[in-house]
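Note that subunit A is present in both complexes that follow, paired respectively with subunit B and with subunit C.
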Partner chain A sequence: MLSNLGIFSIVLTLLISFLLVYNSTILFKKNNQILLQKIINLSLSQLFFSILCFILLIYGYVSSDFSLINVFQNSHTSKPLFFKIAGTWGNHEGSLLLWINILVIFSYFFLIKGKNYNINFRLITLIIQNFLIIGFLLFLLITSNPFVPIYPVPSEGLGLNPILQDPALAIHPPLLYVGFVGSSIYFSAAIASLMTNFKGKEFANSIKTWVLISWVFQSLGIIVGSIWAYYELGWGGFWFWDPVENASLMPWFVITALMHSVIVLEKRNTIYSWVIILCLLTFILSVTGTFLVRSGILNSVHTFASDPSRGLYILIYLSIMVVGSFLAFFKYQQKEIYNFSLKSKETFVLVNNWFMLFFLITVILGTLYPIFLEVLIQKKISVGPPFYNILIIPIVIPFLIFMAIGPKISWIKHNSVKIWPIIYLLILATILNFIIIYFFGSYSILTNLIIISAIFLIINTLIDLKNSFAKKGDSSFSRIISHLGFAFLIFFIGINNHFSLEKDFNLKVGDKVKFENYKLDFKDLSIKERKNHKAIIGNFIFLNKMTGVEEKLFPEIRIYDQPKTLTYEASIKTKLSHDVYLTMSNIERSDYYNIKFQKKNFMIWIWLSAFIITIGGFLRLFKKN
Partner chain B sequence: MKISYVKILSFSVILFILIVFFISLNRNTIYDTRKLVGQKLNKFEMNSLLDESLVNSEIITTSEYTLINFFASWCYPCRKEHEFLVKLGKESNKLNIVGVNFKDKKSDALKFLKNYKNPYSSVAQDKDGKASISFGIYGIPESILVNKEFIIIKKYLGPLNNEYYKEILELTN
Partner chain C sequence: MKILIIILSLSLISQKVNSQVDNQFQMNIYKNIRCLVCQGQSIADSNSDFAQTIKLVIDDKIKEGKNEDEIYEFLISKYGEWIVYRPELKKTNFFLWFFPYIALLLGGILILSLFRKKNLKNKK
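Up next is the complex of A and B:
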């Protein structure tokens, strides 16, 4: 029943999408107000039916309707209601349906919000967006239908992967999808803009809010994912340059560049082609990321049951998209005249873009190179943090300096850049850096430079903040907040990196180890039966001999039944100054345990700074409305 | 005509990437070290722990079977399994035992071998644990049994025990 209803509404959504393309093509030729209303209605019903599909699937999960293979494979009656609902998008099929929903939602709102824009531009955007929607709907129907029935109906489901049984599952994928998939709308708009010659300021205006929305959500999604990995996967850090993390970072770099460039286009009516390229690239990279993760080419924590036909489908989709936008760009692109003064805000925004592109290329190389090498010469390598650290860290230093100076420069032409204030502030930053060294101990020259430039940016941004308060109705407040967040982020990452402590031990119950000024005592083990798993809990006491502070830590090994899996839960004690992080894993056929101890400084500040970056984006969004 | 070079170049890059993606689609990349059984061991070269020489894959060809054992002085389960390695070294004629010292200090490792005897014909040094990754090592102790043709016959995760000791004897004699 549910299966039929679900498939019916998918097919209906698909049909409406075809109708939308058809009607928009007709309207494009002859302007007709009644037809436009019809298109808006069609678009609304498309929205209705695609959301209906999703609600039906959620209903299937909530009511544990195991007549659907998808529910059978990913749920269980004993799961709490919360995980039944979140489990809907905890698998390939369900999350793909979420993808489509976001495509449709953005399509609808772009159509109705854009009343002031050129009708042909709106129509072509709608047509392209619906091509994207049709592509994904066909993908859903052909290879990944969440409504496939199973007969006979099993009495119980297989359960949700234990690692996914976490509140973060409820928010991490939806946030990321709004971010990634949201970028589809300005992909479509960019092509429409090329085709209808709707460009310049107006085009910048039409996509600005959408860029901001997807940027905010993408950033939040990445941060939540990072925090989730920190406490769930037992890696004990905030970023690992894992290929899948990188896949999420690639579009983020481009969208950040776009967010800055679109302002240049809006204010100065220049770099139009560049903005178009960034628009196209953001969504292309989002789909590339999806391809890499879902095809099983990358081996990582995000494993979807991999099926080569799905990978092939996304690859075909991606190829059509890339080749199509490539051809469209070269066909319609016009020569632009750039008149930039070297000392102008435009130039500095472009500098930002070059940095972003550098980071992007680094990450793309690091992520794709192993794949290429394996295909071309059958050699397996893995690119790890050292590669990224060497390439990215030194470049972050000038990036921060430019980021501090850029916003102070005016549009068009800045008369004179005063050198002395910059030098004073740099000296001040250096002094502060040495004070930190005095209290915490020394670090490498590179870290010194990172910290100095981060402090330099912090001071500059704080001065901007003060000035912004003085000027009423200043529009730069949100920018200042985001930049401040970024400066603090780099600052705390620098410090965190250098004063963190990491130790591995083999211990059995009763063992004690001493290292540096600390003592770790493995008191005992207890076993607890919980609702959906059994937990082996270690009882540890961590003593700081300098301060005499004792902390109790309880890392766990969890044994889940549905499906049968072992997971390791880190025990984390978070304080303002540092996190103490302990994981425990068993060694086969032995009463010893592998214990990984980590002391990470200022972890909470890293998360907080990252959130502040997105708060800036939110402020801008709300101010606009 | 300059623009067309840009077009051709960027188009070829895109095409190249897409083709590589296509080829890699048909590869199984889910990496499970248990699946390595039956596969060929990669060539390797590491520094020796005992002297200035190198330990390389040539060593696999010197006898019918080779057991590569990953150990460290700080690893307690390694001490437990060590007696089985010593016994294997004495009792199996066709088996060569090679040690890989994993993330260890040289002095500690040498002390370990002195205290618990040295069953290894040669011992390689993997200071930062990187070389072990290409053997598909998760954590130690772990051992890999290979034949002369570099084919992995068996993998032992965790310390060797009496049962495994007997199995290795049977397989290699």
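Up next is the complex of A and C:
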């Protein structure tokens, strides 16, 4: 029953999408108000039916309707309600349906919000967006239908991977998808803009809110994913340069570049072609990321839903998209005259883009190079964190410096850049840096430079903040907040990376170890039966001999039945100055346990700084124009 | 229950297990070695048999007085280049290591050339 209803609504949504393309094409030729209203109604019903598909699937999960293979494979009656719902998008089919929903939602709102824009521009955007929707709907129907029935109906489901049963991971995919898929709308709009000659400031105005929305959500999605990895994967890290993480970072670099460039287009009516390229690239990279993750090409901790047979479809889809969009670009693009001075805000925005593209190229190369090498010369290499750290960290230093100076430069032409204040501030930053180094007692040139440039950016941005308060109605407030968040993020990551303590022990119950000023005592083990798993809980006491502070830590090994899995639960004590992080895992064929102890400085400040970056985005979103 | 027994019981074959990792030097090497039986984890992050064994091998090599590169070379000769996270600086990897910087340089030149063109025009 549910199966039929679901498939029916998918097919109906598909049908409406075709109708939308057909009607828009007609309207494009002859302007007609009644037809426009019809298109808006069609778009609304498309929205209705695609959301209905999703609600039906959620209903299937909530009611544990195992007549659907998808529910049977990914759910279980004993799962808490929250995770039943979140389970809907915790698998390939469901998440694809969510993906389509977001395509449709953005399509509808772009159509109705853009009343003031050229009608042809809106129509072409709608047509292209619906081509994208049709492509994904066919993908859903052909390879990944979530409503495939199973007979006889099983009485119990197989359950959801326990490490996915986590609040952060439940909201991570929707956030990320709004970010990724949201970029589809300015992909469509960019092509429409080329075709209808709707460009310049107007075009910038039509897309800037959408760019901002998708940027905010993408950033939030990445942060939440990172937080999840920190406390769930149990390695104490928050960024692993894992291929799947990289796949989510690639569009982020481009969208960040775009967010800056679109302001130049809006204010100065220049670099139009470049903005178009960034618009196209953001969504292309989003789909590329999905292809890499879903096809199972990448070897990663995050690959929970991969299937090589689906890879081919996305690859074909992606190729059509890339070739189509770039043909359109070269056919319609016009030569532009760039007219700006070296000392202008425009230049610094380009400098931002320049660095963003460097980060992008490094990450793409690091992620894809091993795949190419394996295909070309049958050689398997790994590209991991050391590679990215060596290549990227040194470049972050000038990036931060430019980021501090850029916003102070005015549009068009800045008469004189005063050198002395910059030098004073650099000296001040250096002094502060050495105070910090003295305080923590460690030394590395690269870390010093990172911290110096981060402090330099912090001071500069704080000065901007002060000036912004002095001026009433200043528009740069949201930018300042985001930049400040970024500066603090790099600052705390620098300190965290360099001054954290990490120890690896193999201990038996009753063992005690001493290191530096600390003592770790493995008291005993206990076993607990919980609702959907058993837990082996270690009882540890961690003593700081300097301060005399004692802390109890309880890392767990969890044994899940549905499906049969072992997970390791870290015990984390968060304080303002540092996190104490302890994981325990069994070593097979021995009575030893592998204990990882980490003292990580200022962890909570890293998350906070990252959130502040997105708060800047939100502020801009809600600011009156 | 079975798994529980396996975990908790002291199996007959008790492994030789090192008791402590003292210094950052060791930890840095661990972090650069892929756990080949895991999904994208380094042996520092993994607790698999494989990771435990390789950690022991590395500790032994350190005791023998081998330096970092010699240890990597040894592991690569046994398991292939796949095992190290930092690709070696050699012919097949030159593109990987240098292209990002070349691209950075080209990007810089591109931006500067935008102004040079304009300045030439102004002079005319």
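Please note the rule applied: the second predicted complex is superposed on the first by the 620 of 625 C-alpha atoms of A that agree within 3 Å, B and C clash if a C-alpha of one lies under 4 Å from a C-alpha of the other, contacts with A are read in each partner's own complex, and residues count from 1 in each chain.
Everything below uses one rule, namely that contacts are C-beta pairs under 8 Å (C-beta built on N, C-alpha and C of every residue); 3 or more make two chains touch, one makes a residue touch a chain.
Since we're looking at a predicted model, the values are computed, not measured.
Overlaying the two complexes via subunit A brings subunit B and subunit C into a clash. With both structures placed on the common chain, the touch criterion links A:40 to neither subunit B nor subunit C.
In the superposition on chain A, contact is made by A:365 with subunit C only, not with subunit B. When the two complexes are overlaid on their common chain A, residue A:295 makes contact with subunit B while staying clear of subunit C.
Between subunit B and subunit C, C contacts the larger number of subunit A residues.
Using the contact criterion defined above for the overlaid structures, shared-chain residue A:315 touches subunit B, although it does not reach subunit C.
Look at A:330: by the touch rule set out above, it reaches subunit B but stays clear of subunit C.
In the overlay built on the shared chain, the residue A:506 is in contact with subunit B and with subunit C. Within the superposed three-chain model, A:375 lies in touch with subunit B and out of touch with subunit C [touch as defined at top]. Contact with both subunit B and subunit C is seen for A:588 once the two complexes are overlaid on the shared chain.
After overlaying the two complexes on the shared chain, residue contacts for A:390 are found with subunit C alone; subunit B is out of touch. With chain A used to align the two structures, subunit C clashes with subunit B at 129-137, while the other stretches in 21-29, 57-65 or 129-137 stay clear.
Subunit A residues 299, 303, 380, 382, 504-506, 585, 587-590, 592, 594 lie at the interface with subunit B in one structure and with subunit C in the other. Residues 7, 10-11, 14, 17-18, 20-31, 42, 74-77, 80, 103, 133-134, 139, 157-159, 161 of subunit B are the ones touching subunit A in the complex.
Across the complex, subunit A is touched by residues 3-4, 6-8, 10-11, 13-15, 17-21, 24, 27, 30-32, 34, 38-42, 44-45, 47, 49, 52, 80-87, 92-93, 95-97, 99-101, 103-104, 107-108, 111, 114-115, 117-118 of subunit C. The residues of subunit A lying in touch with subunit B in their complex are 291, 295-299, 303, 306, 308, 311-312, 315, 318-319, 322-323, 326, 330, 368, 371-372, 374-376, 380, 382, 504-506, 508, 585, 587-590, 592, 594.
Considering their complex, residues 235, 237, 240, 242-243, 299-303, 338-342, 347, 350-351, 354, 357-358, 361-362, 365-366, 369, 373, 377, 379-387, 390-391, 395, 502-507, 513, 525, 527, 534, 536, 557, 559, 564, 566, 568, 585-592, 594 of subunit A touch subunit C.
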